[in-house]
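Worksheet for the structure shown next.
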């Protein structure tokens, strides 16, 4: 409900209510679209035993990597954990201190979309016959093997957008859009970190990417520079 | 491939190549977004035994109704054939001269999207336990019955958009958007009837709804008035 | 009880439904009777209307120069756009419905059963042309499904439309949460049908005429 | 045969791949070696680059003031935007890939098998951290999958990387249509591996060193 749209005063207020054991969807593809201020607030908030769903598993020592380093994440679902500067994750993984589920990136995206779209499960050709389909139900459709994949729902989604209006309609900026629009649909509570909040009616209705119905809280932060 | 984008001189040229027995996806929700000039050209082209996929089954005596009246459509897949002025369809149906598959509107839309998105099949709660799920495979997911639904692919999609650039990127106009963006992804050949073709680079990349990869031909026609 | 009060007229019914829609709710109004509720929503309550053909923030029906045949509601009637509106395609619109994001949808009905089953798309008559539109998606998708209908089938034989089990083909199972009629308002949950309010008829008489298990608590009627 | 010609260098290899991309094609260039192909595409050919993180119409790498950390390619390198570009979210981007809309994708590989099986995401080593990204979606989604790789594993034991059957974990089955190496170009279809062109090595010698069934037709080499 849009009168529930809350324009939070700071990132800590924006992420309040995240409890131990929550599943947190975190937008971003590398640094682009990563809601750094919200992830930092999540770390300061101290919730533990989190399941994090995000494309990557953190870079360097800040943002998602800092959350991992703080030992707050029990499990991560992502497509590409290993990167040149993913040493925080690498160390946790190698020492058995974090669970990892690797999903092909398109299956990860489609599973998040499915959660938001009320799709119970879907058959995808991606990953069929590979290690990532092991133990999964499969079916031949039109002569091609498909894997049954299930939705990924979040208790909370933390995303970065460009502008919000006061109802919560969102537009994005270039490739920082990435997982934001689908994660916004897939969580019980969606929080967007934005560059600017503009008056309702300012955004062209033809260009809104995330309609207000999907957004519960916004917080204005200065653009992160990677 | 975008060098295949063809700016057709007229609607007849735009629909050439539709053969007997083709499956034709036709955009529109009632009159909004119905590519009237392309449907008229399809009728003039004379292809028979068509399967038409469209939300409605024609209104009055023009457009889709005229195509049906000409006896060119063997089968229609739609969500809402019966309307106040659907007498052409009603008569064909009651006299057994057209096959009808009724699908819940959301399943129709999702099946078209699935075809474009390479999804082999999906489970939806919509229609479970109703006549429209009869004979379909079902599965309990999280305690709720779901119906297995399959993609709907087209040989050709006829849609209406607002503007195209010379690569084929499309933007739409208000609720005329409806089925256009998903049908564009789901057919081997996509033809868009537009108000205007503008130079490439004129449309804001953040606002493009249908990327050029999905569009093969465009034709400029004056806006239909219902 | 206030059995002396007359049944609601259609406008009062629409206003009664409107009163139960929470401020800020995202709402879909079905074709026909439910559409009339729009006129009774408090403009300051921030309620946002969804139309299945791809829009949030739908405004009132368009008149005169405001009519645009590319800006229609689900009943194909020209409407207007409010500040904060957004357009989206059909798969996104029905993802919004199926995904449980709408707070309330209001539908007409042929029959509602005591377990919340809804029948509103097909009379089952042999010569009827089936046409479902978005009814099944709305029935199973919204957080709350309100039905607006006559309590008795006045057009035919006067039999109740709130029934033990639907005899018409179903639209959705166990999905209706509230039933609004000119004679009474009912709340349905997994346990029972509860009488919320009556208009011009007593609760006991209603229970008798409906022939369904009905929970009647305390006083009803305004 | 022109066995005297030397093997291609990396730039020649990128140019050779670029030559096989049809005008107007929609193309995804994988991370690493495939990225180098971009520099050799004819700017007048209207080839449109896709990046999995939500963009069509990607331009060259950004430098200086053009660098924008919200405009990245799949390798997280800042890039630029060309006229006619479009942005979309991740589900739409991978729908485009999975749905068979890209004409060509170019990938690196650990191994390619004679039936077109691709292994490029995981060495299978016990201590390796699995990371797949969009590789599996690209492998099964594009109309044509071109692989660019060394023909022999020079980093290890010099064994061939075009093999009878992959020993590394698969990325996708029977998906590779062309293999481009410094020594030769191969075409793979359901029937056979066909030698298209060689550089600095004879076809017969190649067949011997690879130990795979290889169709050699007429003359090869430039």
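We call the chains A, B, C and D, going by the order they appear; numbering starts again at 1 in every chain.
We take it that contacts are C-beta pairs under 8 Å (C-beta built on N, C-alpha and C of every residue); 3 or more make two chains touch, one makes a residue touch a chain.
This structure is a prediction, so every number in the text was calculated from the model and none was measured.
Engineer: Among the remaining chains, which ones contact both chain A and chain C?
Structural biologist: B
Engineer: Count of steps on the shortest touching-chain route from chain C to chain D?
Structural biologist: Tracing touching chains, the least step count from chain C to chain D comes to 2.
Engineer: Counting C-beta pairs in contact, does B-D beat B-C or the other way around?
Structural biologist: By number of C-beta pairs in contact, B-C is the larger.
Engineer: I'd like the Å distance between the centres of chain B and chain D, where a centre is the mean of that chain's Cα atoms.
Structural biologist: Each chain reduced to its C-alpha mean, chain B and chain D end up 35 Å apart.
Engineer: Between chain A and chain D, what is the gap in Å from one C-alpha centre to the other?
Structural biologist: 30
Engineer: So, what's the distance in Å between the C-alpha centres of chain B and chain A?
Structural biologist: So the centre of chain A lies 33 Å away from the centre of chain B.
Engineer: Would you please write down the residue numbers of chain B that are in contact with two or more other chains?
Structural biologist: Where chain B meets two or more other chains at a single residue, that happens at 110, 113, 117-119, 124-125, 172-174, 206.
Engineer: Please set out, as single numbers or ranges, the residues of chain D touching at least two other chains.
Structural biologist: 55, 81, 87-88, 95, 97-98, 141
Engineer: Per the touch rule above, enumerate the chain pairs that touch, sorted by label.
Structural biologist: A-B, A-C, A-D, B-C, B-D
Engineer: Which of the residues in chain B come into contact with chain A in the complex?
Structural biologist: 110, 114, 117-125, 139, 141-142, 144, 146, 150, 171-174, 204, 206-207
Engineer: Could you pull out which chain D residues touch chain B in their complex?
Structural biologist: 22-26, 45-46, 48, 50, 55-57, 81, 83-88, 95-103, 141
Engineer: Tell me, which parts of chain A touch chain C in their complex?
Structural biologist: On the chain A side, the touching residues are 1-4, 113, 115-119, 165-167, 169, 185, 200-201, 205-206, 208, 211-214.
Engineer: Quick one: which bits of chain A touch chain D in the complex? Just the residue numbers, please.
Structural biologist: Touching chain D: residues 29-33, 55, 79-83, 89-90, 93-94, 100, 102-107, 109-110, 112-113, 124-132, 172-182, 209, 223-226 of chain A.
Engineer: Within the complex, which stretch of chain C touches chain B?
Structural biologist: Chain C reaches chain B through residues 51-55, 68-72, 76, 81, 87-91, 93-95, 97-98, 122, 127, 129-137, 140-141, 169-173.
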